[in-house]
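Okay, so chain A shows up in both of these, paired with chain B first and chain C after.
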Partner chain A sequence: MLSPERLGLPDYEYLAQRHVLTYMEDAVCQLLENKEDISQYGIARFFTEYFNSVCQGTHILFREFSFIQATPHNRASFLRAFWRCFRTVGKNGDLLTMREYHCLLQLLCPDFPLELTQKAARIVLMDDAMDCLMSFSDFLFAFQIQFYYSEFLESVAAIYQDLLSGKNPNTVIVPTSSSGQHRQRPTSGEASMLEGVEAPLFYQCLENLCDRHKYSCPPPALVKEVLSNVQRLTFYGFLVALSKHHGINQALGALPDKGDLMHDPALDEELERLLAQIPGLVNSVTAGPEASCLPARTPPRVGSPWRPLHHARKVDAESDGSTEETDESET
Partner chain B sequence: MDVLPVPLPSAKMAAVEKRRLPVAQAANFTGSGRPGVSRAAATAESEEDFLRQVGVTEMLRAALLKVLEARPEEPIAFLAHYFENMDLRSPANGGAGEPPGQLLLQQQRLGRALWHLRLAHHSQRTAFNNNVGVAYECLSASGRKKKPGLDGRTYSELLKRICRDGEAPEEVVAPLLRKIQCRDHEAVPLAVFRAGMLTCFVLLEFVARAGALYRLLEDPGLAVADRHVGQAVLDTLEGALQASDDTTPARYLEAGSRLGPDSLALAMDRALVARRPSTPMTREEFLEKAAALFIAKVKPVG
Partner chain C sequence: MDCQAEVNCGLHLVIQTSSLPEKNKVEFKLNKETPSFPGRLLQHDLERNYSSRQGDHINLVSSSMPSFPILQRSSEEKILYSDRLTLERQKLTVCPIIDGEEHLRLLNFQHNFITRIQNISNLQRLIFLDLYDNQIEEISGLSTLRSLRVLLLGKNRIKKISNLENLKSLDVLDLHGNQITKIENVNHLCDLRVLNLARNLLSHVDNLNGLDSLTELNLRHNQITFVRDVDNLPCLQRLFLSFNNISTFESVCCLADATSLSDITFDGNPIAQESWYKHTILQNMMQLRQLDTKRITEEERRMASVVAKKEEEKKRESHKQSLLKEKKRLTINNVARKWDLQQHRITNIATNQDRKDSDSQDHCQNDGSTISAFPEETGSLDSGLTSALQGLSVTDTHLVEVDGDTLSLYGSGALECLDRNWSVQTAGMVTTVSFTFIEFDEIVQVLPKLKIKFPNSLHLKFKETNLVMLQQFNALAQLRRVDQLTVDPQGNPVVNFTLWKYYVLFRLSHFNMQKINGTEVTQNDMIMAERLFGILAHVASSELPQYHLISILGDARKKQFRYLLETKGKKPGIVNEENNDSKRLVGESTNRATLNYTTRDFYNEKLEEIKEKKKFCKMYIEDLVKEATEINMKNEALQKLWPQMFIELVRDAVMEIRNKNSYMKLCLQQITDQK
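And now, the complex of A and B:
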């Protein structure tokens, strides 16, 4: 019932730790942008809806990127929304390119930066040709790591580069005996033939990083687990291992286990119910690959900001059709 | 329906061109009903002024103070409830046309008082005391009678509601209610009200802990506990409570040590060794006896 450390914090730290002011500020901005709403429902009602939607994680839909990445809760909510809106892509086994996944992301967040999608795709494709096709779950879990731990991974990349070039960014922490030993390695001919960096040294650096990092990091114990299975590894090898790690996914808490990714009976039922209301569509869905237009059906329900984007996107005729049909079913 | 992501209304409007609503119109909906506000707001230029005029600034300041006072584990959910409660209170939702019946009004007041009382755990004593004060005003201010004040009937009703919501068995808490209730027509001073609320919340927590203790003693198959072991635990508890008659810190330490794992384990061990066939002890009986130990310490009202 009580977690005493929360009660002992100074006011500002308590508020900052839980991002209370971020949300209050955003609530006021939203209120100023929607004065019509408050004239209809009243201010208390507006705030009730706002904070409830934050709790439910629906507050990030169609918001600007700077807000979506502002707090860990927003990031987790966005990952969850992305999964729930587009998991039918995975269910149908469709493979999409990086650009296509980026379009899906932009449906939920119009100014989502391409760079982040590229980085996620690089984890899946291991720096191969970037126009390759990826499965939904591969992309989703790689994207999760890249998006949620964005700042952490940037620091990791810097550490990795330092280690590769023979510098030890961690000299203060690492005991002299072992650091001397490690420093000699990369200069020797043998080491430069091998790919990547030594896992134990890499872990020491990352452990130190986790301690002082102000952004979210994966739990150090799990990072250790990932790194203890190998002797050496490359940067992308590390990211792939993180993205496939079951425990890290659980600790992050936004997505279900890989096996349950396509399993959501409640949502299936809802979709089926919606489809049943649309005359003439049931056949085309059961027919097969056209079912990929399904994900497009979820967003149109929620309104206008989505539509111009949708048309701007290079879309096939079917999903356009489905948009209109869904609208009809609502009227 | 609820499984699909539903955006909040404001998100829907995000793309709508930002238009400046005539400020006076918005000011009518704050529920504050202060005359003259709308005229002043109409001249307000900046957004800051707008927020102040329609009461947002004041509302958020009060909400933030409540958050800091209660330090909830989930501040965002706390805020959602806070504003929801405020919304329900506003006259716009109270049925503006016809005045609600006396009974309904009474229920609303009780609900509001309960909400204030639960904002902070009783161990956060300053916050709890503040909330008790607010709840007391809630209940006493809006009486129909001429003289303000809280009558014994409302106070008893509130105690009953707290116990009922606390999920403690009725027969367990009934002795406490008998002890701290006031007569229906009596006026209840704040000090009595505060002591009553605090005792009630502490007892509920005590009963919940006793329930957890019983689950440890319980035979999982039979859903009953051995009478001798149960009695040994209760006796240890009684001994500890007697030691704490005095309120000097040394007494607290003594009580703590009597309940420490080793002395409790010794008592249970003795009971197990001297095991004789007996009727088992049910959960209700255990809770009732444990609560009786606590209630014996409560000073009766009046």
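And now, the complex of A and C:
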């Protein structure tokens, strides 16, 4: 905790690096916004709740886009929230268009900009046919890369353009045939046409970039891994590789691995319970929970800040009221 | 009496005559078919004649003119029947030359094969000429028969009425069963009493002027579509138009002025099938005594006038309604155009302005700019106004229409109508509300008013309302109840999303909707909706921090809290409307109430407002941070200096008490000083 390098930072820098100020400011702002309501149950409790929710990642629900974008933690929380809320849509197997995904995003954040979703879709579709349908997992991982590393990607794009036009003085473009790059778009039949940029060169530039951008950057080691497999690659090829790389996903820590994307036993249980509440339901549905209630739930992820915290007290005073209500009317 | 002339070398014509009635005056009665000529015409005679072509007792007589037989009668016959000659069924193909019969008055050529009227110009005393059932193609050869009074040319092949100029005494002209297409060249026949043109190819009737004596006109079995000039016939009493093609009264309207008409037939025409046929005829032709061969009674006449009056009123009514409809249509078009403009679909604004101007001009021409007719307000309605179209308020820019159980609003200006006072009855009947050409965001703002003013509205329809986000459906949750929802794909992009219906069912599950866009909602749909979005609701409610929950639910929750506090004291068992409402409200809010929709404008407004606060917070925090860092710095500085300071403190203290005696003295001194 008290590592020397942390203590070595000047105050402001430390605070800025950890985005403490952002959260403090936001907390105070929220307090101001709702002071009549909050003063009813105490300011201390408010702050407790606020920072708890920041830890849990629920603070970004239904907030404005500027807040969601403000810190990497917010972004990661938002990604996770999106995954949790709409995993069922993906599980259902529906393929949706970019606009539909955008609609879903807007359910959680009303002013989410369309450009971001479009950019994410471009990654999945390789800048082709923007009206194509995309699967949930494809979109989600591409969106993760686009949203979490948006500034980084912009710089990468600029670098890429520079490299393409040969501005880098270090460039020595050796005309090599575009051998099987799995991420590249097919060449238009001219074998001598060069696509993309050379990987090693690209990596050098990226490394410089990463050094400059202290944070919100994919771990350089993993980027190197991505680039070491191929000779040349295009911009979107690079992005797709990033989005599909397990290591980067884990480094981010927001989403589970692709294989586990559809699994969330805790919420599935909850869902079954909700389904059971629909009046006049067929019995076969209620048989579900028993089946899924197998050996204990998967143990919470170690080290993840999103361990589900079970509130000791009942969350909804309304539900309190409702049960009491029904109790009364039944007597 | 049969008589046969001797045949000499087969040169004479064998004539078969039959007995003729004694009277000279020709009485002629016209009936449906062919005139019954004084003479026997037996059916089997006809058949016999046709079948026997070989005619054993007819010989052609050769003469100076080739192919014209010459007719001669025995002198006894000439004396007996001096003025009449019957040559029917003689298989004549031409008119024979009739010698020495200059005083002939009746000539009968029925049932032959004569193709041209010839060789009778010398019979200048002829009064009666019968050429019925021949093959005559053209009226000719009659120019000398100035005394002719009856001319029977039925069942021939005549195509045109012509060459009758000199027959000024003509009394009866029978041209039925020909191929005549036009009435012409009869205008000089001022003595003509009966004209039979049945079974021809007439398509219209006109050119009848000059027939000042015409009493009976038979036009049955033609293709007549309109009739004119009949009012120029001062004596016409009977007019037979059966089996033609008359379909409207307007096409025979001249009959109304034919004051002499007493008997008319229209059966077999399309007009006779119409529901208004009888009374329209009776109403317009008061002079009639018989219609379609049936006497007209007083009762019928009275009925006719009553019905006619009713028809007139109905027509006026429907005209008014069609006018209203037209106005409505124009207004809707106007609204639509305005909407398209707003949606930036029309690029050329200049021409639109022109068109809009001309449209509003049209409106002004019609009826002024505003027409407002509210039953409860005006109170006085036309007696004929049907209840189908009750409240109609029309201006150029929007349209509000109440049609029984449907309230239709076109254009955003129409939303103001919710502020008006609606009668309880009208408002109570409305179960469907339809919005067209109005921004959904604007509709959202008036939904509370809708809830109050039209409490029974269960079906909402949206068309061209710019529904683009699933979120917008959240706004509908505030209504009391929605049974059916129709979102027209036109102008509502949200319908293109595959999951929109499920989202609606999920978010508005407490309504228990029956139908969406016309299709029934099944149990499976509800399950799927819950399955897809149930977790969203769960997250939105249970994982949202408390303060956020409160800030979103705001007023609603407060009210609820209060209500719950109140009802705790109520007796159990009382179940009233409010109770159910609150239950539903409670049921709603446990899960989905946090899924709200604020219109884009409001949202941006709110964000703007928050900016100020954010700035303040930023400054405040900065101040705090500054303080904190200062304190921290001081703390750190203290930390650094403390060891040194501590040593000095200790040293000072030690030094102080090095000399016990002097230290004790110092302390006592301090104590005494304190007093």
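Note that the second predicted complex is superposed on the first by the 251 of 331 C-alpha atoms of A that agree within 3 Å, B and C clash if a C-alpha of one lies under 4 Å from a C-alpha of the other, contacts with A are read in each partner's own complex, and residues count from 1 in each chain.
Note that in this section a residue touches a chain if its C-beta (ideal position, glycine included) is under 8 Å from a C-beta of that chain, and two chains touch if they have at least 3 such contacts.
Bear in mind that the values here come from a model prediction, so they are computed numbers and not experimental data.
A.B. asks: In the superposed arrangement, which partner chain does A:Ile38 touch: chain B (first), chain C (second), both, or neither?
C.D. replies: both
A.B. asks: After the superposition on A, what does A:Glu100 contact: first (chain B), second (chain C), both or neither?
C.D. replies: second
A.B. asks: I'd like to know which partner A:Ala81 touches here: chain B for first, chain C for second, both or neither.
C.D. replies: Both chain B and chain C are touched by A:Ala81.
A.B. asks: Just checking: does A:Val28 make contact with chain B only, chain C only, both, or neither of them? Give me first, second, both or neither.
C.D. replies: A:Val28: touches chain B and chain C.
A.B. asks: With both complexes superposed on chain A, which partner does A:Cys55 reach: first (chain B), second (chain C), both or neither?
C.D. replies: In the superposition, A:Cys55 touches chain B alone.
A.B. asks: Considering only touches as defined above, state whether A:Arg18 meets chain B (first), chain C (second), both or neither.
C.D. replies: Only chain B; A:Arg18 stays clear of chain C.
A.B. asks: Taking the superposition on A as described, I'd like to know which of chain B and chain C A:Phe46 touches: first, second, both or neither.
C.D. replies: So A:Phe46 meets both chain B and chain C here.
A.B. asks: Between chain B (first) and chain C (second), which does A:Ala266 come into contact with in this model arrangement: first, second, both, or neither?
C.D. replies: A:Ala266 sits against chain B, while chain C stays out of touch.
A.B. asks: Touching A:Val89 in the superposition: chain B (first), chain C (second), both, neither?
C.D. replies: So A:Val89 only meets chain C here.
A.B. asks: Kindly list the residues of chain A that each of chain B and chain C touches, one partner per complex.
C.D. replies: The overlap between the chain B and chain C interfaces on chain A comprises residues 11, 15, 24, 28, 30, 32-34, 37-38, 41, 46, 49-50, 52-53, 58-59, 61-62, 81, 84-85, 267, 270.
A.B. asks: Where on chain A does chain B make contact in their complex?
C.D. replies: Touch list, chain A to chain B: 1-3, 6-7, 11, 14-15, 18, 20, 23-24, 28, 30-55, 57-59, 61-63, 81, 84-85, 264, 266-267, 270, 298, 301-305.
A.B. asks: Quick one: which bits of chain C touch chain A in the complex? Just the residue numbers, please.
C.D. replies: Touch residues, chain C against chain A: 469-471, 494, 496-499, 523, 526-528, 530-548, 550-552, 554, 557, 560-561, 564, 567-568, 570, 572-573, 575, 579, 582-583, 586-587, 589-591, 594-595, 598, 603, 607, 610, 613-614, 616-618, 620-622, 624-625, 628-629, 632-633.
A.B. asks: Within the complex, which stretch of chain B touches chain A?
C.D. replies: 1, 3-16, 18-21, 25-26, 28-31, 47, 50-51, 54-56, 59-60, 63-64, 67-68, 71, 73-77, 79-80, 83-84, 86-87, 90, 92, 121, 123-124
A.B. asks: Using the touch rule from the top, collect the residues of chain A that touch chain C in their complex.
C.D. replies: 11-12, 15, 21, 24-26, 28-30, 32-34, 37-38, 41, 46, 49-50, 52-53, 56, 58-59, 61-62, 64, 81, 84-89, 92, 94, 96-97, 99-100, 103-104, 106-107, 110-111, 267, 270-271, 274-275, 278, 280-282, 285, 315-319, 321-322, 324-325, 328-331
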